[in-house]
Amino acid sequence: MTPTGAHATTGTPATRRLGLVVCVLLVLLVLSGLWWSAEDVVQGSTVRIMYVHVPSIWVAYMAFALTAVCSGAYLSRGTRSVAWDRVAGASAEIGVLFVAVSLVTGSLWGRLTWGTYWVWDARLTSTAFLFITYVGYLAVRRLGGTLRQRARRSAVLALLAVLEIPLVHFSVELWRSLHQEASVANPNAKVEMDGLMLFTLMLGLATFTALFVWLVLHRQRVILLEDTVADRGLDEAIASRRDEAGAR
Amino acid sequence: MTRGSVVRAVARKDLAVEMGSRVVINQVAPFALVVMVMFAFALDNEGILSRVAPGLVWLATLFSMLVVVQRSFAVESADGALDALRVAGVDPVAIFLGKSVALMVQLFALEVLLVCTAFVLYGVEPSPAGWAEAFVTMVAATVGLGFVGTLYGGLAAGARGRETLLPLLLLPVVAPVLIGATRATEAAFGSGGASVSEGWPWIGLLAVFAVLFGAAGSAAFGPLVDE
Amino acid sequence: MTNVVELRGVVAVLGGFPALAGVDLTVGRGEVLLLQGPNGAGKTSVLRVCAGLLPVERGGGSILGMDITAQRDSIRSRVGLLGHTNGLYLDLTVAQNIRFWASTVGASRDEVSAAMQRMGLDGRLASVKADRLSAGQRRRCALASMIVRRAELWLLDEPHAGLDAAGRDEIDSVLRDAVAAGATVVVSSHELERAGALATRVVTVDGGTVRDGGGAR
Amino acid sequence: MEHASFIIASYVLTFGSIAAYAAWVVRRGRGLARRASREEMPWT
């Protein structure tokens, strides 16, 4: 066993470079979002919230899609490696974080634009359900048991979520379209974007995507370490368990 | 041993357990009724009550369902019966379908009770066509709820903190049923001036839900419960 | 024919605790193996691993020639486990319980009534609810469903616990019948005197491991 | 800038919570990596 010393991290030169790129992009994004870009003709200054709101929900969708893909990969024959489960778990956790962020920034934007933090709009409502669904998924991941138990249970649950989410989304959409008179404001209203605004939005998407990759890489390594250390604890527990026999 | 006969045996067994213990009749049904009365206290307005009666009926159904599902799996683990079923190699798909059917029967009985309560207490007055539509709605919603309830109930059954885990997992999933069944029942009851014909698309949604979760539950129940 | 039970270095975990810390165990066809050892030694876990209820974390093995992790489903339908619990539905009567078990494994009416008669569960007891039964009567119910199942490997966890002398004799005679019919039996017990009389071999379970207590007797 | 407080709040919330999460992940990783060997960390 080679000791790693006090400087052991979940980072590698590659992730450090990626992290540096993310930091630079983040600074650019903040500068561009808050100062350089002009205010929108229709939305005014509130469009600036969009530069962080849209990328967060984009990352959340990407994260849950990755969770589903990894869960499917785990369950399909021939690729049954717990590594898939770690990526699925890491990705879902990050997805939950970004959904929460986008719900909060979205409601701040809504307060400015619609005058209210929350409207029972189809997209908002189904996003809230998305959030709760994956909070439940994370709760099930913590139920304990062996690694294979955790992997199988959560993979099945993630695939059930793939079935559930479109159903919820569809029914909520139907609920709103048939039930509510014209919505307060249409969030899809055509936004006239000048070049710099479009650039800022694209920059936001790129930054957050890179950030997501960085986070998933680190988080799934941390999960591996958690599993390893738990396993080490098991080794010790097994040894002391065997000693019980000798003691008598 | 055909799957069908095991399904029947499991369903009959679960219903016999209920007939032997009468927990749903003596405890869950009164609970559902109390919920309906509490809604009336909270809203305190007859006009509003008859308007929102369909939603209250289905909310009360969902809350009662949580209790019935917990009960359905508590019975299995009280003396290690679920373990025994697993050791006996009983087809998990048959267990899933059998327990779902038993749950559906109990839920349907509760819904009938709740709709009658709404009729008496909340002053809803459906037309004959409305009653027919309400019946179809109840059947479609119950089938879906039975499948989803059994699926997630089985997952939560062995877990620590199952009392809180089950609602967290189950309630988001049944949101389409709440929406669909409430709208369809509104059409059936004529709440807020809705006409009977407006309900049928929602019943379609309930049917799609039931079919999808019947299939998904059959595939997922074994891996979820066993591991 | 391979051995009925073959465990190699099996580690099994219960809520983070290594219930089994590397178990090697071999049981041949027709043997009656007695597991002895102190409380908490891992006897129950050995039986639950053999029944395919407790997943194997490390190590491996086979039961009735089938891989213990990959073929758990096929193993299960051919073993019978009588654990600390009896697998009864407490709100059902004795007859309802046994008929339910019979219907899940496809046993005939005659087999059911024969098993109930064998365990003295016909007559008045048949219509008594399971939660009104004594510990011994519940055991008899569970044994009746074991008989109906015609398992090839019988796994019994402290089958004599809490029974009177007559109940214990009954269990022993059921086990003898099972062995005569070609079954293999693994039984855990505190009561060495009694279980030892049946056993063809005794091993000691301690600290989640198995020490072979000597060869065949 | 109009609505500055709301806009700043959303930036702070977004980047603050992400930074907090990232810091938690990195620190947890360091703590655990100290107890692991190189062979157990395939990326090293």
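Of note:
As written, the chain order gives the labels A, B, C and D, with residue 1 at the start of each chain.
In this section, a residue touches a chain if its C-beta (ideal position, glycine included) is under 8 Å from a C-beta of that chain, and two chains touch if they have at least 3 such contacts.
Fair warning: this is a prediction, and the values are worked out from it, not measured in the lab.
Chain B has its Cα centroid nearest to the centroid of all protein Cα atoms in the structure.
For this pair, subunit C with subunit D, the centres built from the Cα atoms lie 52 Å apart. Look at where the CA atoms of subunit A average out and do the same for subunit B: the two points lie 32 Å apart.
Centroids of subunit B and subunit D (each the mean of its C-alpha atoms) stand 42 Å apart.
One inter-chain figure worth recording: subunit B and subunit C are separated by 37 Å, centre to centre, where each centre is the mean of the chain's CA atoms. Across the assembly, subunit D contributes no residue that touches 2 or more other chains.
Touching of two or more other chains is recorded for residues 227 of subunit B. For subunit A, residues touching at least two other chains, in rising order: 144-145, 148-149.
Under the contact rule stated at the top, the pairs of chains that touch are A-B, A-C, A-D, B-C. For subunit D in complex with subunit A, the residues that touch the partner chain are 1-4, 6-7, 9-11, 13-15, 17-18, 21-22, 25-26, 28-30, 32-41, 43-44.
Listed in rising order, the residues of subunit B touching subunit A in the complex are 151, 155, 159-160, 165, 168-169, 171-173, 175-176, 179-180, 183, 198, 201-202, 205, 208-209, 212-213, 216, 220, 223-224, 227.
The touching residues of subunit A, counted against subunit D in their complex, run 1-6, 8-12, 26, 30, 33-34, 39, 44-46, 48-49, 52-53, 56, 94, 97, 100-101, 104-105, 108-109, 111-112, 211, 214-215, 218-219, 221-222, 224-226, 228-229, 232.
Taken in their complex, subunit A has these residues touching subunit C: 144-146, 148-149, 230, 233-234, 237-239, 241-248. Across the interface of their complex, subunit C is touched by residues 1, 5-6, 9-10, 12-13, 16-18, 20-21, 75, 78-81, 83-90, 227 of subunit B.
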